[in-house]
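This report concerns only the one structure given below.
Letters are used for the chains, namely A, B and C, taken in the order the chains are written, and counting of residues starts over at 1 for each.
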Amino acid sequence: MTGVEEQSLVLEDIHFAYGPVAALRGVSLTMGSGAIGLLGPNGAGKSTLLRIMLGFLPPHQGRGRVLGYDILTEQTTLRRYVGYMPEDDCLIPGMDAVTFTAFFGELAGMPRAEAMKRAHDVLFYVGLGESRYRLLETYSSGMQQRLKLAQALVHDPRLLFLDEPTSNLDPQGRAEVLDLIVDITSKKDISVLISSHILSDIEYLCSQVVILNKGLVAAQGLLADLRRTRYNLFELKVKGETEGFLRKLQSRGCRPETTEDGLLKVYLPEGLDTMDIIRAAGEEKVQVRQLIKSQTSLEDLFAQTVGVD
Amino acid sequence: MSAVIETRKLSKWYGNVLGLSDVSLRVEPGITGLLGPNGAGKSTFLKLVTGQLKPSIGRVLIDGQAVRNNTALFGRVGFCPEYDAFYERVTGRQFLTAMLRLCGFDPAETTARAEAALDLVELRADQDRPVRSYSRGMRQRLKFAQAVAHDPDIIILDEPLNGLDPLGKRKVIRLIRDYRTEGRTIIVSSHVLPEIEALTKEIILIHQGKILATGDIHKVRDLIDTHPHIVSITCDRPRDLALRFLKEDDVLSVNFGAAPRTVVVETGNRDRFFGRLPGLLVELGISVEEITSPDDNLQAVFDYLVGK
Amino acid sequence: MIRDRGYFHWDGAFVERRLPWWPITRQGLRLAFKMKLFKFFFAGSLLPGVVFLAGVYISERLEDFKSMVRGGRVLFLTINPAFFKTYYTIDFLMMALVVLMLFSGAGLIADDLKHNALQLYFARPIRKRDYFLGKAGVLWFFLLILTLVPGLLFILFKLVFSGSFALLRSYPWLPLSVLAESLVLTVFFSLYTLLLSSLSANRRYVSIMIFGVYIFTDVLFGIFYGLVRSPYVALVSIKANLQQVASFLFGQAPAYAVSWVYSILILAAICVASVLVLNRRIKGVTVVR
């Protein structure tokens, strides 16, 4: 997963408890560049973990380094290089977007003029260029979301935490924010950690996931590895008179099965390949409109790891 | 058991601000997804259907009767709003019981129904704690419970999956699907399109107060003829395949570069394209790994209609 | 060359500020001055200072203004510690301080609580105390302008106009008193305001509390005094406590027959409580539920 490249995040055996309630019971995590998804049911300890990674909370046990800075002793320094996009909408009444973004850039340690310059640049980047002089109270929820992203980016962090970046956005807004995140993660020198309940977003954005459950890491790794690809099972969408087609598949041992969503599941035994399916379809005048390898979805993976209660 | 919602030339203004304009449609039993950008008129539509707002022009009918001020009909409608509106200090059970009593059930039946609803949403264990102490997911489930406790024929859900973690979403989706099989009429509004796709193929798309499209997603997609259909094929010899495609006049464009060994084709006539495809592949001896239609989903339909 | 349109990095350098909390103060002052009504009140609150400054001038030119002095106004025109004590205890000034606190301070923490801005602050490399210092800085600006600055100006003007150091020879401890009194008023009012601002997320409620608590304690004093007639009742009123301390610092006879030590203890207790509560409130927010 990380190999030789510098690891942006290393956590070892992190424990944290709120009084008698244990929130994290031994979480170990490493992260390289690129995008990693953080998943888990509510109450799994995601927010606590995020706060520890940001240096807000010292863990009761365990060690860690974020971007090379120790989370116990160098908490304030590490925040200079980390950007945080919170879940809740935030603003300061009476400020416009430029002032707001520049203000937080300054607090991150940028000189005033630099912060101002960078604020303009970042606001254009997130798509708020036209509205950057408007008061924040007039912003819609989509604009608020982008503003949060802007203030997380203004000081050019090397590690970005995005907490529910697309919640409460309408479909257009979601697509636009997702595109922004894809663009950011395409730069190889910035690591992004995304916590979200919308699994399709995680699938789209991240190549690795970490699933937390009850204060422990329930699953961790590359998405492609975790989602077991069943090499011999395919999902098809077909159109046309399928009786003959299904009979042919059956006779060759493909055990075709129609699901309630209209999908056709086909198993390929030894000695057969996709061409045999296509040939059979051509012979029976059936259109094959979709052919993909069956893969456990992230949702199934989540349910399996966390345990369907 | 089942009921049909019908609107005729429904319009609603707030002063001079347009909410909804000239909406005439029928919602049949089953699950229908309601989509639209923010401010499109979704909430207005839902409030008109539940009788909370009075139409400026037009009517809303359930099984042929007007909804507005028709208290007899209200008992047949369940509404799960987007925002929380609880009495924070009562317990979950007390809240649900109160809502049921308002529907006119006697105490014995109220208790039975409340318990059944709480069991359904798996809140029995927390029923005697005040709502104030409930987490986001629990509140959402309680809202769902009060929407279905009185066994309505029509269930209106405004962003029911908001704030739930993936497992919670799964549970609610399963619950909604169970209701569909019982023949009820369900309208679900949501921003997260993949979640709507998991629930239903019937959609109503609203934009700027008008209905842009209704019906099965795929049929709607077929009707959008300004955007040719996109097909992506991953195989061992994409360029040979592409060369062959170029000879066909329903193929409008051919692209590479999206992914390795993949050719992406735009076609104006899906039937002809797919009808021809198996024969083509066999003729060229091409081994196919994957065939997909990347824009045959709700997001694409939404984008095309709303016009990005 | 063509500029890349995607995300790009910043190639500047971070700077180590000597006063990491300064941007917070600067923004707070900017936001305060944006309100038109506030500017009006601020100007109004400078009035006592201006009047008293004029008094300093007049006191030197007593003969010229003899025609204006019609007996019994000697106290006003003699520049002695009583003059200073009067300035620091007149109701108008105290009320002006409260009103300024209300305008510039009610939303300082309340707005951050309401609009979830605290998370953003603490995702920055600033410490909790920088946040508080920055917020307090806004209040200190106004408080010092109305306490320390006039006091020092009175002394300075007196020296200039009288052309001698007579004032300082008679009362060498006067500058210290001015400093101490300014500090008492500034520290107390800033902590009082920040405490109330952190108790509610609604800036209106906080405004009402800032004004109301001050008035209420005084009203309560009045009521109890009418019932019990004991000077110890004065300890209930914030205004009375402040006046007691001012009297002590300028060597004047206190208005109420109760020791100033109690007054300062009560004020100090409020300050300490404020610090404790502020600490708790902010901690409560950055730590997740």
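Everything that follows uses one rule, which is that a residue touches a chain if its C-beta (ideal position, glycine included) is under 8 Å from a C-beta of that chain, and two chains touch if they have at least 3 such contacts.
Because the structure is a prediction, the values reported are computed rather than measured.
Asks: Draw the chains as points, connect those that touch, then say whether the picture is a line, ring, star, complete or other.
Replies: If you draw each chain as a dot and join those that touch, you get an open line.
Asks: Farthest chain from chain A, going by mean C-alpha coordinates, please.
Replies: The chain farthest from chain A, judged by C-alpha centres, is C.
Asks: If you average the CA atoms of chain A and of chain B, how far apart do the two points sit, in angstrom?
Replies: For chain A versus chain B, the centre distance works out to 24 Å.
Asks: Find the geometric centre of each of chain A and chain C from their Cα atoms only, then give the gap between the two centres in Å, rounded to an integer.
Replies: Using C-alpha averages as centres, the distance is 49 Å.
Asks: Averaging only over C-alpha atoms, locate the centres of chain B and chain C and give their separation in whole Å.
Replies: Computed from C-alpha means, the inter-chain centre distance equals 58 Å.
Asks: Looking at the complex, which residues from chain B come into contact with chain A?
Replies: The contact residues of chain B facing chain A are 35-38, 135-137, 162-170, 191-195, 270-271, 274-275, 277-279, 281-282, 287-293, 299, 302-303, 306, 308.
Asks: Chain C touches which residues of chain A in the complex?
Replies: It comes out as residues 18, 47-48, 51, 54, 56-57, 76-80, 82-84, 86, 88-95, 99, 103-104, 106-112, 114, 118, 121, 125, 151, 153, 155-156, 183-184, 186-187, 189.
Asks: What residues on chain C touch chain A, complex-wise?
Replies: Chain C residues touching chain A: 6-10, 12, 14-17, 20, 23-24, 27, 31, 34, 107, 111-112, 115-117, 119-127, 286-288.
Asks: Could you list, by residue number, the parts of chain A that touch chain B in their complex?
Replies: Residues in contact with chain B: 39-43, 140-142, 167-175, 197-200, 239, 273-275, 278-279, 281-282, 285-293, 299, 302-303, 306, 308-309.
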